[in-house]
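In what follows, chain A forms one complex with chain B and a second complex with chain C.
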Partner chain A sequence: MASKDLNDVLLPGRPLPADSLMIAKALEILSASPHGQQLVNFVEKKNIVIKIVRTPKAVSYLPEKKLVYIGFNRNNAISPSCFILMLAGILREAQQEAAGIEHPDLHAPLEKHKEISMAKHEDKVWYICTVATELNDQRAFTEYKFLDELRKMGHNEALDLYLLQERNG
Partner chain B sequence: MLQKIKGFGDTKEAQKVEAQIIERHSGAELFAPAVTAPAVKHTLNVPRL
Partner chain C sequence: MNREQAGRVLGQLSARDDAIVFSRDATEVSWRGLAFFSNYRLCRLTNYATMPTFTMTYLTDGTEYIALDGTANPIYTADEKDPLMLTEENILPYIEFFFSHVQGSEGEVFLVRDPHKMPFINNFTDAQKQSIVQNFKPVNVQFDAAHNAYLVEATLHYGGTLMDASIAVMPDGKISFERQHLLLSGIHFPDSPYGRNWIEG
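Now for the complex of A and B:
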């Protein structure tokens, strides 16, 4: 479907569209930010499959290197901004795995788990903060309130630190 | 490749993630016995007239 047909879907305050449209529109919005565009390129180049599932709580996971799941409760749906940022986060995780940065195996020492998994999480949060900031700076996405959404998603402290870091260069 | 946020390690979010990693590593989620609520004896405490 041409992107011009997607203009009326995935807008704040509107009901969520069909899964395929949601994914297409979210990727289209991500591509408006330089770092989001890198994720979209990654999806196209590596043929990443994105699926939406029904889960009690909003969750995203990566069961395989090329398979991304985003789950949420349709009866209490997440906002479009949250969906877009969750997608950015899990795609970044897929990018990490594709680059060979993987979680240690189950029996690896705890210190190794902490070192790698924490670094991966920090990188993912950095990436979401970057995409959210880049989109938030664009007038076309004012209504999406990406930074507010990021705070609601539990990244309040991280966002403040990120913005401080960016300001200080 | 991995990006960093200065001071991130001191955030509540980082502490929460670390706690999850420790829990997963200990296998607590897989092997812990099912937690059941203690039986509660319901009694009607009606004062006698």
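Now for the complex of A and C:
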């Protein structure tokens, strides 16, 4: 039986590169994919601010149209490929908002919330699948295992559907 | 918290250099007292304007806000600022509070007080349930005067395993695992054992 070590819960957090370096590298890698490049252009053109925060669990957050956060636990840091894909997702959401596709008002009917939020989510997941596939196809990023990471992030079914559609043209 | 109190908290938090932005109109602010602190309590902010909602939890004395980030550091910082009042009665709530806000590479640690009431117990097969009940070691709390520490023997769930562990809690709140022994593996929780419930007060 594999044994887990409870002491890793008590670690003070692992050393990581500077936030600015992680963000710059992620944008550099994103720009190697055509759809990722669109996101990088959007960041530059619209002066989108990207911040990294310490949160208990991995999370991305768009509180304002021009401000995105990527949060993760320093004791359980996400992989670089997960970071890049999370960034692609939240930047796509920022793009939606910039294009006027916004979440409905809190008091809007549930049906409207479902309709718009589902459409936004579907578009976002589809975009992440596209970026991941484009990066995965490049030899320079073989080690990043973007498609495996996407599955670990819970997008297994969406990725299978995306790949099926790609194959069928 | 009412709107005025919530607005005050959001104002205090937004003045910080490392402030995370929350929508003033769509953020719920709630708080919960902690028996082992005199001055600090938990404060939770949830922004409902995003999908999914975004939540941050802070330890606060009403002036200072310490963000809980999944490591032990913020809790230890609050422990230093507001010396703990640990007793035999609140030592388990302290450990449970600690484990519910600190995570390792395998996720959260959950102290099993009663195997029949363990989260997701009904997700397991009858054979697994039987093994869980048979392997369970009841919680035992002792004060070790020689080391001035509480020693808690308990069954813990971590990373899909059940462990029999001895947890030492020092008067300053520092936690260490004196002993750990694997009891069972393949006991995976489908979600956080701490759920989404939050009772204000």
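Throughout what follows, the second predicted complex is superposed on the first by the 153 of 169 C-alpha atoms of A that agree within 3 Å, B and C clash if a C-alpha of one lies under 4 Å from a C-alpha of the other, contacts with A are read in each partner's own complex, and residues count from 1 in each chain.
The criterion applied here is as follows: contacts are C-beta pairs under 8 Å (C-beta built on N, C-alpha and C of every residue); 3 or more make two chains touch, one makes a residue touch a chain.
Since we're looking at a predicted model, the values are computed, not measured.
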Contact-wise, after the overlay, does A:61 reach chain B, chain C, both or neither (first, second, both, neither)? second
Which partner does A:120 reach: the first (chain B), the second (chain C), both, or neither? both
Identify which of chain B and chain C touches the larger number of residues of chain A. C
Is A:139 in contact with chain B, with chain C, with both, or with neither (first, second, both, neither)? neither
Determine, under the contact definition given at the top, whether A:76 touches first (chain B), second (chain C), both, or neither. second
Where does A:161 make contact in the superposed view: on chain B (first), on chain C (second), on both, or on neither? first
Footprint overlap on chain A, comparing chain B with chain C: 117, 120-121
Going by the contact rule set out above, which residues of chain C touch chain A in the complex? 18, 20-23, 25-26, 47-51, 54, 56-57, 67-73, 99, 101-107, 109, 156, 158-161, 163, 165, 175-177, 180, 182, 184-185
Counting only contacts in the complex, chain B reaches chain A at residues 1-9, 11-14, 17-18, 21-22, 24-25
Contacts from chain A onto chain C in the complex sit at residues 1-13, 53-57, 59, 61-64, 67, 69, 73-76, 103, 106, 117, 120-121
Chain B contact footprint on chain A (complex, rising order): 96, 99, 101, 110, 113-114, 117-123, 125-127, 129-130, 154-155, 157-158, 161-162, 164-165
